[in-house]
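Note that the chains are named A, B, C and D in the order they appear, and that numbering of residues resets to 1 at the start of each chain.
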């Protein structure tokens, strides 16, 4: 599936929570090609500062409208500049990049933590009309704007917050076992911090439920050319997160 | 006279000719302190690219309104970015910098070429109500938007264009002798390319008329600290264009 | 593109344009085939290849710096056999010279891999005697005249292919290195490899790179690269492939004027995947605007000491 | 500023903050007095001073480069006598250590000027054995261990003042240079001076700098500077003054973590005339936020090899 570089007009760049924004661009080409789990690689500002592109997961696609959205957290120079983009300005985007999620399942459970919840929105949409459930974890209530997003898409939204301010107290990995016990899911999709992913993969393995994980690494090229992003693969061979992933079967990388 | 750094709101950034714009900022402090011949040193965009400030002559001041204007030509990266500044954005300006023109005269002749005409506007304003005449040179008609500016301030506007499309055909230095012959001026103020300034200074000297010239050099600090901008002075000693100048008595530097 | 303005011949390697892609930044070429017509690239210099497969450095491998980036890939590569058996064949469908960048831990290793790669489909060898990211070997060779020379000598004995010596900028006198590799028989010289650098995360107090130090590339290094190309052009007769921070056609022309016969584009590929083609087009436009008939008319033409 | 967080003592020079201004970028100090309270600067290192007045290089002296600048001032300065008779007295009204950066064409000259400057009001001498912009001498001393050592040795013999050896980054092994000047008696080491670079105007085909080559400074060089400070900190015991591309408090902290006991700010002064004070304030804020009680708690604390 071929990759593109597009100069995409910005339609919206709205704040959805403290330091978190949703950027919506117009690009029928990207919208038409993208599958859940893939990302776009954006050049923020026509300047050498910042120099490199920034990888951002595709978190929402409207093929009819030809729009693609990404939900991002302002963490540094690049995302701070991205947050200043206004409607009608254009954004230089490469995409869609990477290998997305395998959608072959009947009763999926999505598990996401922090910004790992961003790509799972698009996944949940594409999994419908199958019954989709999500287990989400976040630092505290303020993170839980995600629930408002997912409650519109998913049949059930299970929430874990470390202070118990919303949903159950604890981490996603604490709640996961009992869910897998009861829920007879046939696929676990997860995205979030690597330590969390490793635990989730281990738990899913105990329950013999196939598990896909979406990884993050610092990236330069985004197309498999620079080897900035490789991680140790199970069969000894290194894996490129940008092209072999970002989505992997748990068994490939853990 | 003390120098400032101000975050000045942009009031206007209008195109006045092909590749030439006038930027007007609001800064009562700068407006109050500035004298003709001085410049501001502006930081364009909060970025390392471009890194250094850009020196721009003060070409218009309205003390009552607290505004300062500069007329600039888009020649490279920095001025191209400056041209994109919009009203209400703020510009980081150091100023007023440098030694301005000595205004002690009764019948001045201003001689300017190219962008050298920018600082002379402010000078002409401050010389009024004295009878002010200007001899201006430019590449062709398109440069001569300057005449519309000066005709409102000066008693007489003498124009030289190399193709004769406006005013007389030739260079300012060709027309200067006869003017000095007839006009009994007691001061020549000039700004423009260095070769032109040297010729003008020489001619003025023949007529024994005092002459002030405004020089340009690449500048880093703008305050006399880095020695980027020094030029050979007559008495052997080097002169700093940013602090000893940009305005010099012709005899100091030629 | 009008056929006759851009072709260059570097040590017998015939290129359609003087714009190559720098080793390690363009994979094996096909990674960029969605964006670039590989048939319009001067030459593709593939990722540093070693005798045995290498898994490279662990931890974070890149860090962005002002107008540049640090990398510490650590020469991850599939090894010479895999390259010859699986990768090279798939490149044969493209009409572009493939130059293999090779690295070794010993002089002998350079010789062995050179012999292995002396096959059809490989247009030339670029000796990476300047990789700052490999403990043994790598940069050691690149910062000592004698060992650099012995690597070149050994490789020349083991291949009929044109040999390009790639110099490290992390030296006191680049001309000394250049003369040494020329004397040892290098057919061309490429420079610069990356400048050794480091970045620290002030939140964690840890180096950003898992390898602690890495190689600086991108626009930030351009002035150093142009200076070294100019110095080397005045010190040797073999053709020079200039690189280091080239982002635009103007940047490339700066290197040509300084004395490079061709240029390579590295970090810029990450920013604009089409840049290698666009730079060639830009050089052509520049030549046409000035009524020049061939890119050769720029090489080494910087005007020194003219008022 | 709370008095006790920032004071440092570098080789006996007591500074109120670890933030100094780099030689050649801050004049003699008073040039910036409209913007900076000189009494709140760690130390002012004045422009490179020579025995006789120098008029410096002709033609354009600076060129902007990506996230950096090239300069080729060529050590324009009024000479030691003028400095002592007219400039130093006017600095006495400020309560800030004045460090004089000195340069010479011969080892003897370094000795002579050191002797002349061994007076009250001068807090220390910084030996510019690394200026890339002077034909004779200058960088020659900075790229050869023996001559660097002999300059330090000669200066030590001629002054009671603390002697800071300023190293050139244009060398293969910075630690070798650092060990040499330490062994010769340097009381502190400052680095980096500028990287030798060049820029060409593609419209005129001429070098932008009248001097053809010049010294690269600014954010672009920071990764190289941090790396060298870290290497030198692991090689010598004398305190290090780190510089090269420092624009913000975070940048300064990176140098402190790498092993610098103080930092100097150069090019940044041109961008933000208040930066030297603001960086000191930023460091203090950083210390307070982390509950640290003194800047010394950052020095050399980079965590190497911790997961």
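We take it that contacts are C-beta pairs under 8 Å (C-beta built on N, C-alpha and C of every residue); 3 or more make two chains touch, one makes a residue touch a chain.
Given the structure is predicted, the values throughout are model-derived calculations rather than measurements.
**Student:** Between B-D and A-D, name the chain pair that shares the greater number of C-beta pairs in contact.
**Tutor:** Of B-D and A-D, it is B-D that has more C-beta pairs in contact.
**Student:** Going by the average position of its CA atoms, which chain sits the greatest distance from subunit A?
**Tutor:** For subunit A, the chain whose C-alpha mean is farthest off is B.
**Student:** Can you give the whole-Å distance between the Cα centres of subunit A and subunit C?
**Tutor:** Computed from C-alpha means, the inter-chain centre distance equals 36 Å.
**Student:** Give, as an integer number of Å, the spacing between the C-alpha centres of subunit D and subunit A.
**Tutor:** Going by mean C-alpha positions, subunit A sits 47 Å from subunit D.
**Student:** List the centre-to-centre spacing of subunit A and subunit B in whole Å, with centres computed as mean CA coordinates.
**Tutor:** Centres of subunit A and subunit B (C-alpha means) sit 56 Å apart.
**Student:** Give me the residues of subunit D that touch two or more other chains.
**Tutor:** Within subunit D, residues 63, 66-68, 218-219 contact more than one other chain.
**Student:** List, in ascending order, every residue of subunit A touching at least 2 other chains.
**Tutor:** Residue numbers touching two or more other chains: 48-49.
**Student:** Is the chain-to-chain touch network here best called a line, a ring, a star, complete, or other?
**Tutor:** Graph shape here is complete: every pair of chains touches.
**Student:** So in the complex, the part of subunit B that touches subunit A is made up of which residues?
**Tutor:** Per the touch definition, subunit B meets subunit A at residues 47-49.
**Student:** In their complex, what parts of subunit D are in touch with subunit C?
**Tutor:** Touch residues, subunit D against subunit C: 63, 65-68, 70, 143, 170-173, 195-200, 202, 204-207, 212-213, 216, 218-224, 226-227, 230, 245, 250, 253-254, 257-258, 286, 301-304, 306.
**Student:** Contact residues on subunit C for subunit A in the complex?
**Tutor:** Residues 24-27, 31-32, 34-35, 47, 55-56, 58, 60-64, 66-69, 71, 73, 76, 218-219, 247, 267, 269-274 of subunit C touch subunit A in their complex.
**Student:** Enumerate the contact residues on subunit A facing subunit C in the complex.
**Tutor:** Touch residues, subunit A against subunit C: 2-5, 43, 48-53, 94, 217-230, 232, 238, 243.
**Student:** Report the residues of subunit C in contact with subunit B in the complex, numbered from low to high.
**Tutor:** Interface residues on the subunit C side: 66-67.
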